Amino acid sequence: MNRQLIGYGILLALMLAAPAVLYPVLVMKILCFALFACAFNLLIGFTGLLSFGHAVFLGTAGYVAGHSIKVWGFPPELGLIAAALAAAALGWVIGSLAIRRSGIYFAMITLALAQMMYFFFLQAPFTGGEDGLQDVPRGKLLGFIDLADDYNLYYFVLAVFVFAFWLIHRTIHSPFGQVLKAIRENEARAISLGYDVAKYKLLAFVLSAGLAGLAGATKTLVFRFATLTDAHWHTSGEVVLMTLLGGMGTVFGPVVGAATIVTLQNELADKVGSLVTVIMGAIFVVCVLAFRRGIVGELGALYKKMLGGKG
Amino acid sequence: AQKGAAKLSGDMVKIGVLTDMSGVYSDLGGQGSVTAAQMAIDDFKAQAKPSWKIELVYADHQNKADVGSNKAREWYDTQGVDMITDALNSAVALAVSKVTLEKKRILLDTGAASTRLTNEDCSPNTVHYVYDTYALANGPGKAVTKQGKDSWYFLTADYAFGHSLEKDTMDAVKANGGKVIGAVRHPLNASDFSSFLLQAQASKAKVVGLANAGGDTINSIKAANEFGLTKTQTIVGLLTTIIDIHALGLPTTQGMMFTEGFYWNLNNETREWSRKFFGKHKKMPSMLHAGTYSAVMTYLKAVQATGTDEADAVMKHLKATTINDMFAKGGKIREDGRMVHDMYLVEVKKPAESKEPWDYYNIKAVIPGSEAFQPMSLSRCPLVKK
Amino acid sequence: MTEIFGIPIQAFMGQLMLGLVNGSFYAMLSLGLAVIFGMLNIINFAHGALYMAGAMLAWMGLNYFGIGYWWSLLLAPLGVGVIGIFIERSMLQWLYKLDHLYGLLLTFGLALILEGLFRDLYGVSGLPYSIPEEFAGAYNLGFMFLPKYRAWVILASLLVCFATWFVIEKTRLGAYLRAATENPKLTQAFGINVPLMVMLTYGFGVALAGFAGVLAAPAMQISPLMGSNLIIVVFAVVVIGGMGSILGSIVTGLGLGVIEGLTKVFYPEASSTVVFIIMAIVLLVRPAGLFGREK
Amino acid sequence: MTAAEYLRVTDLHAFYGESHILHGMDFRVNSGECVTLLGRNGAGRTTTLKAILGLTGRRTGSVMLNGREVIGWPTHRIAHLGVGYCPEERGIYASLSTEENLMLPPQVGSGGMPVEEIYRMFPNLEERRQSQGSRLSGGEQQMLAMARILRTGARLLLLDEISEGLAPVIVQKLGEVIRSLKEKGFTVILVEQNFHFAAPLADRLYIVEHGRIVAEIGRDELEQKQALLHEYLGV
Amino acid sequence: MAEDYILETRNLVKEFKGFIAVNDVSLKVRRGHIHALIGPNGAGKTTVFNLLTKFLGPTRGSIHYNGEDITPEHSAQIARRGIVRSFQISAVFPHLTVLENVRIALQRKLGISFHFWRSDRSLEALNGRAMELLAQVGLESFAGMVAVELPYGRKRALEIATTLALEPELMLLDEPTQGMGHEDVDLVRDLIKKVSANRTVLMVEHNMGVVAGISDTITVLARGAVLAEGPYAEVSKNPAVIEAYMGTAH
């Protein structure tokens, strides 16, 4: 237990120091996607629901944050909260439809509904369509911290991330998390014990959507943009890939996966052009065929094996 | 003349080609733009023998404004890039233009179409170099209407670029005594256009204007052929380039009319340069490629002339220069950032007329720069003093 | 009567027919998906990419080997089928015992690879493929204008769909298929070569997509992205129809094509969302889909 | 002795993924014999039947079927040597009707039972023949699972817990069926919990524990090996 | 009279597309009894269970629980009334510990199951009650084990402990000993006997050993209708029952 705390401490220290060494905007992007992937993992890893349209929450929240800050003049913190709530509300709508089916149907329905929202955003006047919602001011946090400064913004984003990460961690280890686990293990039995399974799944979905929304809103703040890309199904695929690569159902997997993919895309985009897609696809295939536990999962298994070997 | 005295950040000039390397517009700009920029650098080095280094970087913005602005930001912040060019896709261009202003560098945009770049979103650090929706709309809007084909129906890509192209063309049509019967909006990247074309057919308009681009244009034209629209109505692809014609082939596209900013087979100068380009790229240049070459060359000359890569000084010099090269004759950069040069109204040849591969156009008219682009009097750019 | 709801009957019928054409593609693709899903329990996300590969193969055949449309109609699906068999043997077969979602993820990865490769090779502007001469032109039926090629697409896809339905529902081979779908191990224990059937089924399912691709080539744009744009709509079709029945996917595919076509006439802005809206409604009323069986 | 030997299993190991279930099974079944595998839950009897047919994960050792080594063969080829399998979980196809279920398995040998005779044996099935497989009652499904392999002409029947969930009258009838099958020269391996059902039918009984044969009891030794039976099976 | 019977069905009928699976069954289950439902295959026993728990809706007839008509209620409502059904396939949460398995069932009544912000340490309050239940089925020494590692019979015991945690008034068991070896059959039989104190059990079972051993009343169904009813000794001698169900061997 103590060791775990020390581990978290070291990680936090590293993240606090990161912008001194790394390009802060890139690290912020990684944090946004890490948060997004963690939110996604709450569903796939701990509830067993594969939502293949999760980008819709990222995108929706991005627009809500962008619009409320730019047009209505919300302060950034309020914009973020409004966006997360909007994403959660959308999560409630999509979730209530999708949980009527399970398994891959669930995946297909979330994907299709997300695509519908994508078309909606494409045509809705407030999104700027293909141009996106540009030039969102970063504003002043609590009225006095100027977020236009990359470093100020970085620590704000880090704080948002740490809060959300803590919340996910807490959810997994809560009475609610315990029921989710039971549902994943044996749904029929959970029903027969009197649990209204649909409601639990829905709450998990709404939580995940809200947190994904938080990620999207934060991203809007970082890039001063809300774009259609964020709502596109490719982004949904990306978050699946991040989580899969990092390790589904592990606490840190999504973070590692997001960092890897974002860095990789950043590095590769200029070097191999359109082959980036091929490489992403290949990572998918390799992960599914040989590497299903993901980076963190495999390392964990290795660590256990070593302990076992010694003991 | 001031070779030794150059004061350059990082002791070199770094040029970034920010383009679509893999998406719908990658054939329009893409690798070809990188090639063109590199050619300009090589030619400049050979001609001017600068004492300073020139470096070229390029990146794929994937048609995502956020990717583009992020990349631009990163280039400016961490790589010391002095000038970005290409930047096709209006959304990306607008975003990059803002970052460029914030970081005080230069954007010579050769790829984007939206007139916003020189109107409400104009910037002292941005030059709109090759074409815009106004120029695209104006040529055919006028010429075709004047031919007596005076009733128009529009097939419009349902997003900002399409809307602005549609609006600009409608204005041109009306200004020349034509009338607009209607318009149908289609989603970007639609897979099937037949139903929209049926509506266009049912409208009985004489002209069907395609206010879309890339794959959408190609698809619309194919479907128009299949439904026999081409027999009874005139199809005008408002943003059509030689790349699209090449993809569709002459039998399908013959007789189409549109505005181009460049044609390789225009004169000896263009032919010479284009053949050289063809040798490297295996395709003839689009107006973007030629424009990118011209922009990079012009920029490098300006840096040499001013002896600095500091944006304000270079911009000032640029705006005072007259551009004379294979791409533009007497080109001028206006206060709002618009580079004004001649455009061409072209008509696609019949297959029988084409004497060699890529011999596709008959030049119907040269539209002088002063007519091709939006006059300053109409500009909504705050930089323009009225 | 020359007008329906204020729309000239000619335009109305034209749109109806176009909807039917699109519906044919939906039907063929969702049929392939259903057949594959039935046997392998895998949602073949690569279906769209293989549909694209069918069109691409036709184009490559024409441009590199001079293979014409008719031969392509036979050879390209075969080629796609072979690709499918390769995919099944080398990858998918290791996933059957795992959670279904891995199949979805693997094929998603494959779709990205295929799409990326073709994009790298041919760009995205699209490749031309002209309508075979036999089908150039159109019939003027008086009340409508019917391009011959579109008529052929509807006919060909109906034939293929019906043949598939017949084999699966009415023949002994079909009974084996249905049995193997439900309980592959036991079916094999009865002496039926299930791995072979699975392999061929996947091959056949994707060949259907390849066939649709060739049919689409002259009518639509051959581009690396043509499949991924379509596949999500087909997913919605599948959810609406319910995976349970072969007939369901055919009827739903055609029906939705028509509905989408009519939306383009009356309210074009909604044409890209109408299928999804119908999906949402169907989910509310009949979660298992129109033809699906509740498990 | 070897001449009449129909099945010989030697040092058979089988795995489900990582878990090692069979640890060297050794037994033989002669032609026309009925042999019973008894044991506690999870002893590995079902797994033995599955391993013979190649339905488990990895397996090693030897399975000689009618003089042929089939350990490396795919399941469907083994079946075509004339093996019929009635699985523990019945395996009725829910999407097929009762009749389709019955007619599904292909012929793997000559001399299968005609359908009329089957219906005479299980009148419930005839009555419910149009009903969907999944709609049958538990016991009806059990009957159908048994009935459909009698049709195929399989000479070696692998029967897993066929008396399970059946009314005592039907269990009694099943006993008669197996006796008559034996008379016709069928070879039967019976996996049973129900000792009282299996004992009178079996020529020999094997007791399975932890994936191994731990005892073999001839039909005539039942009396004297009571203690052994009690130890292993609690009967 | 009414309080004597916990459950009553009146003229229950279920038809499937013309086929009558349950035909005019009027069943009375006495409070505190172990009531067995037997009958030949396809007699309609499982269907009766499905009707009682509303997995199927009756074509005609009514169901009364504690004197109240519960015919129109949904499965979930019926479960909340205290009618709990066990499943034929073993139903545990395989990767939770034995203790957690029981706790999940207890947790629902605590009313904090949606509290995602609360630490799961708040559940430890339930441990005492959970251990009590485990002790009832003889599993207290297995509490920390992961359920998947339990032997088959013990899994069934765990399932019963979990069911007991819901404090059912009436337990419906469909063939609880199916597929069990002799030792496990005995274990489960004793368990049913033990937990039936203070509650009522209605079970379907083909194992005459179990039925004979613990049931107070037996109803024999045949072709959807009640053929006989009474204590084992009486029913097992009924010639019609012997002919339709027991066979001569018994």
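Per-chain numbering from 1; labels A, B, C, D and E assigned in written order.
Methods note: contacts are C-beta pairs under 8 Å (C-beta built on N, C-alpha and C of every residue); 3 or more make two chains touch, one makes a residue touch a chain.
Note that this is a predicted model, so its numbers are computed, not measured.
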item	value
Any chain in contact with subunit A as well as subunit B	C
Comparison of A-C and D-E by number of C-beta pairs in contact, larger one	A-C
Per Cα centroids, the chain farthest from subunit A	D
Whole-Å gap between the CA centroids of subunit B and subunit C	38
Whole-Å gap separating subunit A and subunit E, where each centre is the average of the chain's CA atoms	44
Where subunit A and subunit D are represented by their mean Cα positions, the distance between them in whole Å	52
Subunit B, residues touching no fewer than two other chains	22, 26, 158, 187
Residues within subunit C bordering two or more other chains	116, 119-120, 269, 272
Interchain contacts (touch definition) - all pairs	A-B, A-C, A-E, B-C, C-D, D-E
Interface residues, subunit D side, partner subunit E - complex	39-42, 88, 124, 128, 131, 135-140, 142-143, 161, 164-172, 193, 195, 233-235
Complex contact set, residues of subunit B against subunit A	21-22, 26, 31, 57-60, 62, 64-67, 69-71, 73-74, 77-78, 90-91, 94-95, 98, 114, 158-161, 187-188
Complex contacts: residues of subunit C adjacent to subunit A	43, 91, 94-95, 98, 100-106, 108-117, 119-120, 232, 235-236, 238-239, 243, 269, 272-273, 276-277, 279-280, 283-284, 287-288
Residues on subunit E engaged by subunit D in the complex (per definition of touch)	16, 19, 39-47, 88, 151-153, 175, 178-184, 186, 206, 208, 243-250
List of subunit A residues in touch with subunit B within their complex	23, 25-26, 29, 119, 122-123, 128-132, 134-135, 223-225, 227, 229-230, 269-270, 273-274, 276-277
